[in-house]
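Only one structure is covered here, and it is reproduced in the block below.
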Amino acid sequence: MNILEISNLTKHFGGLTAVNDLDLTIKKGEILALIGPNGAGKSTVFNCVAGVYAPSVGEIRFKGEVISGQKPWNLSRRGLARTFQIVKPFGPKTVLYNVMVGAFLRTNSTKVAREKAEEILTILHLEHLRDRLAGNLTIADRKRLEIAKAMATDPELLLLDEVMAGLRPTEIDEMIGIIRGVRDRGMTVFVIEHIMRAVMALSDRVVVIQFGSKIAEGTPEAVTKDENVIKAYLGGEYGVSGN
Amino acid sequence: MSALYQSLVNGTMMGAMYGLTALGLTLIFGVMKVVNFAHGSLLMVGMFAAYWLLKITGMHPFLALLIVPPLLFVFGYYLQDLVIKPVFKSERGVREPLTVIIVTTGVWYVLDNLALMLFGAEYRTVRTAISGTSFSMGEVIVSWPKFAGFVVSMLTAVGLWLFMLKTRTGKALRATSMDREAANLMGIDQYKIYNVAFGLGTAIAGVAGCVIIPFYYVYPSVGVVFDIRAFIIVVLGGLGSIPGAILGGVVIGIIESTFAQFMTSTWTEAIIYGIFLLILFFKPSGFFGNKQDW
Amino acid sequence: MTRKQLDRTLLCVGAAVAFGLPQLIDSPTYLQIIILLFFYAYLTSAWNLVGGFAGVLPMGHAVFVGIGAYTSTVLFLQYNISPWIGMLAGGVVAAAIGVIIGKPTLKMRGAYFALCTIAFAEGLRVMIENIDMLGPFKLNGPRGLLIPLKGDSLAAFQFMHKEPYYYIILIMLCLVLAFTWFISRSKIGYYLGAGGEEPEAAESLGVNVANYKLLAMAMSCFLTALAGTFYAQLMLYFYPKGLLGLDLSFEIAFIALIGGRGTIAGPVIGALALRPLNEFTRIYLSDQLPGLHLVIFGLILILVMLFQPKGLTAPLSRIYERLAQAITTPGGEKS
Amino acid sequence: MKKASTLKRLSIGLGAAALTVCLASFAFAAEKTVKIGNVEPLSGPSASVGIQGKQAREMAVEEINAAGGIKSLGGAKLELVYADSKSDPTVGVTETERLINTEKVHIMTGCWNSAVTYPATQVAERYGVPFVVPVAVRDTITERGFKYVFRIAAKDSWWVRDQFRFLKDMQEEFKTGFKTIAFIFENGDWGTGFAEKWRTLAKEAGLQIVLDEPYPSTASDLTPVVTKMKTANPDIVLLVSNAADAILLTNTMAELKVKPKVVLASGGGHADPKFLENVGKSALGMFDEVEWNTDVNKPNAKEANAKFKAKNGYDLAGESVDAYVATYVIADALERAASTDPKKVRDALAATNLTTGPGMLVSYDGVLFDENGQNKNAGIVIVQVAEMNGKLDRVTVWPKAARRAGYTPVFPMK
């Protein structure tokens, strides 16, 4: 069953076409990675799905229902959560507070929200930072906090926007483990990622876009051998991000 | 009909001067992203400086323009350096420096009441060489002090605009206003630039003091009269925009003058607030504002 | 003694002192000063719902005090409706106006929002000064409204002595503190805090930030207007320049900032710090050198902002924590 | 005076019982004081008037104390206790309560602003403390059936009444007839109160109202108002202005060459001691209604003014004279009451009939309160700004009996 179906998605900004006639589906329980060079339109796709932008043309279906143009807060209620590429913690609040904001989506009780948040902090190995202010965390912890907040909303589909960027190799490994754990809890994961090692290790399927259009789709192994993909990445990124 | 022409001319002249009172405010906001609530008090300081200079020496008010603004620049520079900067530094990383707004309000209280202690509460005017003189343009009577104020306001705005465009310091000011962090990385000392911006804003208040004093009066809380109006003007013109401040000022001046011919002037005041709110609802960035600022 | 017990004991002692105070103070002057202190603490707590929790800086809240005062007084003078009912009516009117004004402005960044609220407040003041009759309602323009002396009467919300006013405002303050405490611990509080900090992130977590801010505005305006009725009944006279002017609006914001924005105790601590300062410097210094008391007021404002930009609540609660740790039995309860 | 109060506060602060005992033994003999609470705007927008009132009271208190204080109280000295109202009724009320309850003043005076005086007198009434109001012209202050409130100056309906009497008298005397009238007034308590009464009186006088214009007294530019006045072209212009706007209005009228036949102001800003200095010849010919003028033909008027001017650098004005008179009225009542008991002082005040003494430098014959506490005699004079011996001066022209000898009013003004 497809949890997300994107068909003919096009998004213009003024004269610029950021996404052009994109088709994409994600099956329930899958980890799908969307990759592509800088400026390929990945974040725009994400933002269209997450309700930040309304698509210019095309349709986005989530669990079979059209969600194009829905507001972000309604989408998260339906079971769609996201992280931000540039993390947005509620800086002067504690880590627990941050996650509780997410947990409140499914409950009105502070007690339930707190328990839920604590549970998620444990899953993400953040429980020791519970009372620290979010603004004082390290980059790696902030990235994890970002996921924790999203997970607390009990999503069925989790959109992760470059959660590996800026992490050290050991932290990347840890993050890969976390994302796998998330999937094992029954969530579908849709990631944008630059770090190819993480993409290879994580994804069931990869979609590659360039200039807003899909150029390849398939298993990680198949995609990396695709000629168009190699051409698109030529000039460094593939080589660099392999380390 | 002549009343209408008279109102238009008078409104334009007064409006340019309102623009001048708002210019320093908009400059400081543009660079520091801080609404300086002490701006009216700085204007008051400028007016008192001009008042005493003219009163004691009896010099021509145009000459005072060479003396008062530099003095005020130094005053503003060190006011920012010694009082406001430390708060700014402690608020690094906070999205919006609201504490700084409160500090400027504290500065306002201190300055206004120091003036009260030093000079007393009375209203003071000084009769200068141009006070009370006027010339006629057909049926329209133009007051010399206001006309001079209009010219000086325009020159100041153009001068400031050129300064921002052409000089090194001006470019640094603009760079800081666009992106603090980037400007910092480029080796611009952010706080020094703030000092300069605050000094310049205060110096412009000094210019305003010199042009207003020949036809207006000064007393310790005179700043409040111009303060709120300056706030409205900068929002109307777009916070941080130099031409916006002058245009906003002229628009307000003309509304104030001409609308008063059709209704009581107390209602014009209310109408100005009404128009202000409408602008906020429909075009909150003002005439020339930067959308990201609001 | 465990930590929880300590907190509770102190709270009880505080409440006992507050409720017993009029028995100790027989000077109506000091009682009046304390009444005004509570009045300001109450207003600031109400302000805090928007200015603290929702993270914007309203600088024109006196407008809602005015709306409360005008509504209940007009209803009382013209229709003989008890100010107690007028109080609620004023709250509803204020909440409605707050929502109308908040809808377009609450989206704005702090500086703009602050300027907007100032302009709205000043605009409304100017309008009321121009209006003698608003439809059937007599507002009396710049002259304001006077409530005739009716003697002691609970229904007319009028008392010859200060004690009843004292207890009314004290109870109002306790209720508003309990309310803000409850809000800060509820979903609304969390959502407001999140939305005020990072609206985009909050929205992605299911928070309709604009609606929550509007809700905060409505609650804040409602509560603020109740205090307006209290003020009208305490003074029995008010006029636009005094009640709707920026002085009151600014003082509310100052108290909040000095006490600590977004904290429950901040408004009380701020009012405790500023009000006596304000009153006593005026009393003892204004005849020596007019203006000196305001200079001192301004300097203190600057100094607090310099050294405690988060307000006085933060250092005070640190001190309290340390003291509490020394007093309480270790291991009694996890703190 | 100030020193004494500081010293006293200091002694209390130190809690030096011995010192207190020591002082008390002195006090019994000669140092007994009567405390007068005085709420005035000492900061804020009306501070300038408040400070003038304070200076006038200080002068009166010094004189009274130097002359031996209140003799019936064993030479008790008067002591002024000030409080700053900031022109804010809330503060005014709080301060009145403080002066009565904490400072234990025996009698109250102030507050200049009608808006402050109105609720403050209500406080005094509630506590039964006599309150002598020098100026705060709103009618209703003495129309609430209060027992403890007394007003020296005329109330605003009398001011307005006399303005129209003046216009009528002068038109008869100079054989002119005016048809149109304009009202320009500050949009406060005071101005709107006047305007309301002008409208009815103008109608009664058969004058056509061609302009009825309130303006905000903090306006930065009054050209729009004056432009309107020019268009309306009235014969008579009636004004109510505060200090700053009076200057601005006069200068702007001169600038735009607006010359009505009669300009009649209502004191306040036009009577401010600094007004003439600030507007110069622009004010020439205009009329102003005041409680008092320096040329009033009364003993002590010249001396008191000279003394005040030497001390403070400007002339006494209506407001400060009223404050000065009020202080003498208080002293007189205390003398007759021979007590500081508020009830007795109140009764003595109610029985006031002060016609002589240094305080009576006013234009009218004496202070005599009606059953509401309003001074029945309170009179008003109208002056014209004229050039006398090369200097601008305010010359009394009305009532005709009070007109300065040898002066012929310029009517209509040129």
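Labels for the chains are A, B, C and D, by order of writing; each one numbers its residues from 1.
Methods note: a residue touches a chain if its C-beta (ideal position, glycine included) is under 8 Å from a C-beta of that chain, and two chains touch if they have at least 3 such contacts.
It should be emphasised that the depicted structure is a prediction, and the values quoted were computed from it without experimental measurement.
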Using C-alpha centroids, which chain lies at the maximum separation from chain C? A
Of the chains shown, whose Cα centre falls closest to the middle of all protein Cα atoms? C
Go through A-C and B-D and name the pair with more C-beta contacts between its chains. B-D
Mean-CA-position distance for chain C and chain A (Å): 43
Could you give the separation in Å between the centres of chain C and chain D, each centre being the mean of its C-alpha atoms? 37
Could you please state the distance in Å, as a whole number, between where the Cα atoms of chain A are centred and where those of chain B are centred? 48
Residues of chain A that touch at least two other chains are 91
Residues of chain C engaged with two or more neighbouring chains: 126, 129-130, 197, 290-291, 293-294
For chain D, jot down the residues that touch at least 2 other chains. 43, 47, 51, 187, 214, 216
Quick one: which bits of chain B touch chain C in the complex? Just the residue numbers, please. 29, 33-35, 83, 86-87, 90-91, 95-96, 98-99, 101-103, 105-110, 112-117, 121, 220, 228, 231-232, 235, 239, 264, 266-267, 269-270, 273-274, 276-277, 280-281, 284, 293-294
Which positions of chain A touch chain C when the two form their complex? 50, 52, 71-73, 76-77, 81-82, 84, 88-93, 97-98, 100-102, 104-105, 107-108, 110, 113, 149-150, 152-153
In their shared complex, at which residues does chain C touch chain D? 27-30, 32-33, 36, 126, 129-130, 141-144, 146, 149, 160, 231, 235-239, 241-242, 247, 279, 282-284, 286-288, 290-291, 293-294
Under the stated contact criterion, what part of chain D meets chain B in this complex? 43-45, 47-48, 50-51, 187, 212-216, 218-225, 227-228, 230-231, 243-244, 247-248, 251, 254-257, 272, 274, 278, 280, 282
Quick check on the complex: what are the chain D residues that touch chain C? 2, 9, 42-43, 47, 51, 81-84, 86, 88-91, 93-95, 97-98, 100-102, 115, 118-119, 122, 126, 138, 140, 187-189, 192-193, 214, 216
